[in-house]
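Notes to accompany the following structure.
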Amino acid sequence: MALKTAEEYLESLSKLRPVVYLFGQKVESVLDHPIIRPSINSVARTYELAHDPLHRDLMTARSNITGEIVNRFTHLHQSTEDLIKKVKMLRLLGQKTGSCFQRCVGMDAINAVDSVTFEMDQELGTEYHKRFRSYLRYVQENDLTVDGAMTDPKGNRSLRPSQQADPDLYLHVVEKKSNGIVVRGAKAHQTGALSSHEILVMPTIAMREDDADYAVSFAVPADTEGIIYVYGRQSCDTRKLEGGCIDVGNARYGGHEALVIFDNVFVPWERVFMCGEYSYAGLLVERFAGYHRQSYGGCKVGVGDVLIGAAALIAEFNGVEKASHIREKIIEMIHLNETLYACGIACSSQGYPTTSGTYLIDLLLANVCKQNVTRFPYEIARLAEDIAGGLLVTAPSEKDLFHPEIGPYVQKYLKGVEGVPTEHRLRVLRLIEGLTLGTHAVGYRTESMHGAGSPQAQRIMISRQANLEHKKALARFLAGIDEEKI
Amino acid sequence: MALKTAEEYLESLSKLRPVVYLFGQKVESVLDHPIIRPSINSVARTYELAHDPLHRDLMTARSNITGEIVNRFTHLHQSTEDLIKKVKMLRLLGQKTGSCFQRCVGMDAINAVDSVTFEMDQELGTEYHKRFRSYLRYVQENDLTVDGAMTDPKGNRSLRPSQQADPDLYLHVVEKKSNGIVVRGAKAHQTGALSSHEILVMPTIAMREDDADYAVSFAVPADTEGIIYVYGRQSCDTRKLEGGCIDVGNARYGGHEALVIFDNVFVPWERVFMCGEYSYAGLLVERFAGYHRQSYGGCKVGVGDVLIGAAALIAEFNGVEKASHIREKIIEMIHLNETLYACGIACSSQGYPTTSGTYLIDLLLANVCKQNVTRFPYEIARLAEDIAGGLLVTAPSEKDLFHPEIGPYVQKYLKGVEGVPTEHRLRVLRLIEGLTLGTHAVGYRTESMHGAGSPQAQRIMISRQANLEHKKALARFLAGIDEEKI
Amino acid sequence: MALKTAEEYLESLSKLRPVVYLFGQKVESVLDHPIIRPSINSVARTYELAHDPLHRDLMTARSNITGEIVNRFTHLHQSTEDLIKKVKMLRLLGQKTGSCFQRCVGMDAINAVDSVTFEMDQELGTEYHKRFRSYLRYVQENDLTVDGAMTDPKGNRSLRPSQQADPDLYLHVVEKKSNGIVVRGAKAHQTGALSSHEILVMPTIAMREDDADYAVSFAVPADTEGIIYVYGRQSCDTRKLEGGCIDVGNARYGGHEALVIFDNVFVPWERVFMCGEYSYAGLLVERFAGYHRQSYGGCKVGVGDVLIGAAALIAEFNGVEKASHIREKIIEMIHLNETLYACGIACSSQGYPTTSGTYLIDLLLANVCKQNVTRFPYEIARLAEDIAGGLLVTAPSEKDLFHPEIGPYVQKYLKGVEGVPTEHRLRVLRLIEGLTLGTHAVGYRTESMHGAGSPQAQRIMISRQANLEHKKALARFLAGIDEEKI
Amino acid sequence: MALKTAEEYLESLSKLRPVVYLFGQKVESVLDHPIIRPSINSVARTYELAHDPLHRDLMTARSNITGEIVNRFTHLHQSTEDLIKKVKMLRLLGQKTGSCFQRCVGMDAINAVDSVTFEMDQELGTEYHKRFRSYLRYVQENDLTVDGAMTDPKGNRSLRPSQQADPDLYLHVVEKKSNGIVVRGAKAHQTGALSSHEILVMPTIAMREDDADYAVSFAVPADTEGIIYVYGRQSCDTRKLEGGCIDVGNARYGGHEALVIFDNVFVPWERVFMCGEYSYAGLLVERFAGYHRQSYGGCKVGVGDVLIGAAALIAEFNGVEKASHIREKIIEMIHLNETLYACGIACSSQGYPTTSGTYLIDLLLANVCKQNVTRFPYEIARLAEDIAGGLLVTAPSEKDLFHPEIGPYVQKYLKGVEGVPTEHRLRVLRLIEGLTLGTHAVGYRTESMHGAGSPQAQRIMISRQANLEHKKALARFLAGIDEEKI
């Protein structure tokens, strides 16, 4: 059976020995670190729910490679139905974790690499796709979590990879050997890097001939020699070290990003999926980005559901849930959130098969989806702060709440409606604070902005995909300038 | 063969003898009236394109009633694929006409009446559904255009039907006879009333027992005795009387609304589909409104394509198409337009069968769709006005353009870039003016606001459909207040 | 006494003999033309209210030139108080006319030309300012309305004046004579051209040496030989020809724009205020645009007051004025409208004297003011359409309302709440239609967009005026990079 | 000389002995607590800059009470010029501290209490104003910082003070003695409570007779017996305990809020300014709120300047400062920020004297100002996050940056353009993080939302102040329904 349990996942992860730095210290065990652990819990839920009869239909699929039931996160989309189920699965997990659960980057990477390697092989006579499918079988059979690693540090953004003062600011091949390649560079903002078994590296932008060394894709185990992780700090991260369970907001789950440094890492040829074919770099970026922009129409909607629920709760706890302006604000939050979902569903529904058989989303609509994600979660968060009231940012710490002397005062004066404990009110406020200002705001706000490409990247794709010439022809006909064209 | 040609449609329409008033005059022939004709041309395209091999797949469907190929506008949706094709068909027609082509109200009405009558019969033992299906067979076999008539004048909106000072401000049954019923009242804002063969009347709001006489649904030929049409005037309507072809903007196509008065109209029982079953009035409204809110995710997107194309053209004609702020504005227009489309597709993709077998859209997403339609076309129009420049509203008339003395001056001074005739520039400006301020703005702006229900109606539905309790439970779990619920 | 009455204004205007074309016909008398007259009525109000004791303080000022009380529209601002009163006067007139009352372009032009000619003379030893002050004395003493004419047709917007295929696409000097100059070209979108006694021409953009012939400013009587006016047609303009008083919306007042062609017009030297001093063209544009961008923080706010009032009225007539969503929408309209006013007041309050003694507004805030005007009136109009309901664009004509046969039906079925005649309801709807789609929408919407420069022009000015270096220094200090600078 | 230096301020503050809890611990010295100290530094700047010749004109004023030069924060506004200078002073301090500098609540409180007590005395024959002026003289002569304390905890927001289950949820008089009163209750969200010498308490809402005990205003020294402070925790507050200077963002300055509990506090009569005059509670709230809503048009604009500067800097450090979309985003940030400033200036410019001689702002425009502040800083912050890039939330800690082993990697891979140290890049990112997610986001975002009253409070005031009847009369006249009214 290919489906790991949550426990098996944790067990397997505990066997890895990655080199990790956090706050200037080497981390001995990622599972035991209170700052890191919540994000591993989020990934664990992707394993746990796959065994839940209620969610199995969304969480798993029958593999076209192994013929077995696999976790959908390791699955190649075989239909628009698969694409839609992906979005629903991500919304479900967003609801269950209120966090970034990280595993979609790997899913999006394998789907993108699959069709691109197929097309490369067809045109160039390479054998990347065969290698990749063999690798993917291994991933599916072992139900692995894969970090899909695309974003390079980029240095001066106005310069191309080969023009940078430091050639390592984009990851590149530094040596080709008979048995493999050696690479150097880094991948920044790597979501879920420390929750993953594997890293699947892809190039980060379209490239020209000069940049051929930078056109490289491969997979390695997460604790391969030469890989170093530097954990990205988040707003309010150290609240997880305080030992409480309220001020941290969502205490169970979280997400993380890391800087992943490849310091002369060796990759055997059987794990190399692109090496110098610069003309395919752009296509791979476009497809991975497309899948990942679709993803945001699921996961962020699920987190949005949590924030909407929290806003509705705090309105009740404050005694204002029937005020018409409060109701209108909650409707607006729902409306915006469901608009994002509609975009996620639509780009999936309009998907189509690539030549490898793997389904691709509608790229125009997937970019439209993500573009809205760079806007609406901010407005949803603003409305949540409006509904929550100022106590969101002025409430005393939980240590004060439970303090023998000051505690009773805090309990007394921060009480809302009768029947709701002050503690519950503070819990909901801290949940909202976490999502709008704290650790979870990293995932809900800034990641909504920059994950899967910054807003301008989507706008460029929207411009390319929109067929403006057709629209101009429509206008010319109706304005009486030209005869009708098809 | 059930598919009429455009010519056959016009021929069949010319045989009707409705009583029509326009500008205080009785209209002898709606087909020959220059103000009315463009909207009939729009409907004619729904017939014409059904014969076009390129568009046949979208424009037609195999009827589940007759087994024949019918125009999709007369079809009961049998799958989510049907629902999606509907949206694509509407976008296509919006592109082809740049107008409201009116025929969707009938399509939305027949689909709504079908499932509701089925459920009424199941519960109440009535036989409305059988009657309705028989009627629908007639519509399909004759490829008729049906005006789906819902909106009553409503008088004082804070009062219910039976509370109004004048009982006729909502349409109601005034007499029940052995062979049928007599109704009195009116339906306002009837889109395409004069382009239609039939009127299918539905109640306009949820009702209580006191309002039972107002819970009435039926169909009658458009020229039934006692029906009087008063044509709604539109911005710039009389430009169509001026004899030119430029100032009118989109000279070929248009849309219209009429006030339709039922002055003691007799309806035979076989055409009565609801008569007093007040508890089903709300359901019928909800479903018709739902389908119609889906529709706007297609038709207005198509018109938006025309406006985007026109904006891109005028930018070229002005020599500014490469300015980055112009490009960004066009991308924004596309983004907003495609967001509407995504909502139309999503609510279709997530549709499901009712007990009659007819597919319903996802109601939450359909309402979200329409809510966005009450906003984005206004912003798209604003951006189009921005790109167009002030000449949009200060250009001289086409009579000046072609005047022997002043014409050469106008030609000279209103020239844009070399190679584009001044006339073309003015044609595009007039097309944009029509869509943002003129006759076509009625359909693109105000109808986007109020058609299929005003914005607040959608917000109420969004609130009802959103399952806020579930969201609150998610938040309670993650805040650490409760254990997880499903 | 320098203050003309409204009657004297009309009398004086009737003595002019401009060459005017409208709809391909020569206009014999602008005062008697039903399409043109309402805009002259608007200007007449600027004379009438100057005699009204209630408004005299805003409408007049003591001239620094003549020492007499003059109409404020001919006054040079002598203090920030004058600048603020200007804004208040414009709001008052917007309220009183619901229209563009046109006379501010002249006021803004004289203030701009005054300080720029002073500075030119100081640097270059020219005597333009003396000439100009002499001209302005004449304007004040005769209480003239001046068309401040800036915008050239511009042809290909990516080319400079001297690069155009047709050299006349920017107005320029074609001959210099001993007694004056001869100019050729045109000014487009000339607000109030036919309501004016005089035209004060200014260059339209910053210029380089090659464009020296285009750097020209002068004044001529409006009916000078060689000047030809082509009247710009507006949405719904011909409703004014229909003979009614309802469908036209605001029947009393209006605004207009015309294309003004200068076909070899002679200007005597004493009326020439710039002739070849290309380096001052940009400064003149910046100041005129600045004053005019301030103006929009007054006039459009006044029109906004009318539209808000109309929206509140129709809500009452529909019986929905107490619905919370209606109240919130009206509050939002007020909020947006007052934000515009705040910007108009602020840029006035922060004004300062130029070297000529004439006060200039704060340019940054004036540009911010206008930038908001390119946005908020559109949203206010959208909200008005929302509140009005669909009848706004589907109501029958007034000829139907008063028709012996169909009239009673229209009266009956379009009734709103008891006690309000159907006619009143339609009057308010037509007023709103006029402001959002009809003739008055030209002034309220599109002119808000493009008048005083299109949005991007303000953005460029905002960028220039914002002192970004100072903001960066603030950030560097607080980030701990640098020591504090002043 | 009434002007304390910053050192004298710190010295005077150190002499107070307030009872303060933070993280469950009693704070011995607020000046020495690393979490609290930055906010005291912000207040210290209000003293320091009053001695700076460059800023003296804004920072000080001549007292109408003492005739001496006093810090403007203790001054009663004597003119619109004073009101405008207040806004400019607040902008300056926002720029200098990038924080909430807290002292304006006292300034706004003294100005509000001054005119309201004057009017109370006039009507009721009380002597509150005299007492208050005597108190204010003491404040001015000692250059004290005053916490203006208005907001009660409020419990169930749908109930009035006297209806609450716990009568102490609004602060009230529990005993009247010959020499003074005893009060119990709390004030929540008290900005700058621990940086202040004095607390000036005011009621929090309009009241009815039943609530008379809650209509109480008075002043007490900040360390009066019975007062207990519970410090409000902020996002990222504990970064200030980490010992670094980068991750904390703005290391020098900050703001704070505290819950201030009045546990049977005695107030002598000479410091009581309202005691039972419930009909004046609403007026006092309206005026304090009005002044404080004006304040936000200054202070948040100054902080906005810092954020805009930081965004411009990071764009340079990333090498994208010339990209047109980046430039447009920075222009948009400036535009929004200056719109807020315009509102602050406008409501000041249109101020007017109350009967006490103290100037009040225009209340409508002040509420419009604050309403915009509840929106635009969120959008400015969103744009800053957009420009900053994802590194904003994924960058390693400063301990990693300076770590002997991992530091060089971080230095290498997080380098932007040549010539800018990685450290500088991270400093700017942390400054932006602080303002958008961290401790300073509390002041810039959530306080912009809820400070001086939540958004709905402003909307109610906007509705009340807008004179809708006048607008309706304007519309009735122009629609041809009524004759013109004044």
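Each chain gets a letter, A, B, C and D, in the order it is written, and its residues are counted from 1.
Just so we're on the same page, a contact is a pair of C-beta atoms (placed from the backbone, for glycine too) under 8 Å apart; a residue touches a chain by one contact, two chains touch by 3 or more.
Chain labels with UniProt names: A, B, C, D = 4-hydroxybutyryl-CoA dehydratase / vinylacetyl-CoA-Delta-isomerase.
None of the values given here were measured: they were computed from a predicted structure.
Considering every other chain in turn, the ones in contact with both chain A and chain B prove to be C, D. Taking B-D and A-D together, the chain pair joined by more C-beta contacts is A-D.
Measuring from the averaged C-alpha position of chain A to that of chain D gives a distance of 38 Å. Centroids built from CA atoms put chain D at 51 Å from chain B. Averaging Cα coordinates per chain places chain C and chain D 40 Å apart.
Multi-chain contact residues, meaning those touching two or more other chains, occur in chain C at positions 325, 328, 459. Remark: chain C residues 54, 84, 95-98, 245-246, 249-253, 305-310, 312-313, 327-328, 330-331, 334-335, 338-339, 341-350, 364-365, 368-369, 371-372, 424, 427-428, 430-431, 459, 462-463, 466, 468, 470-476, 478-481, 484, 486 touch chain D in the complex. The touching residues of chain D, counted against chain B in their complex, run 324-325, 328.
Chain C meets chain B in the complex at residues 21-25, 151, 153, 155-159, 165-166, 168-169, 186, 188-189, 228, 230-236, 238-239, 242, 247, 257-259, 261, 263, 318-320, 322-323, 325, 374-375, 378-379, 382, 385-386, 389-397, 399-400, 402-403, 405-406, 409-410, 412-418, 433, 437-438, 441-442, 445-447, 449-451, 454-456, 459.
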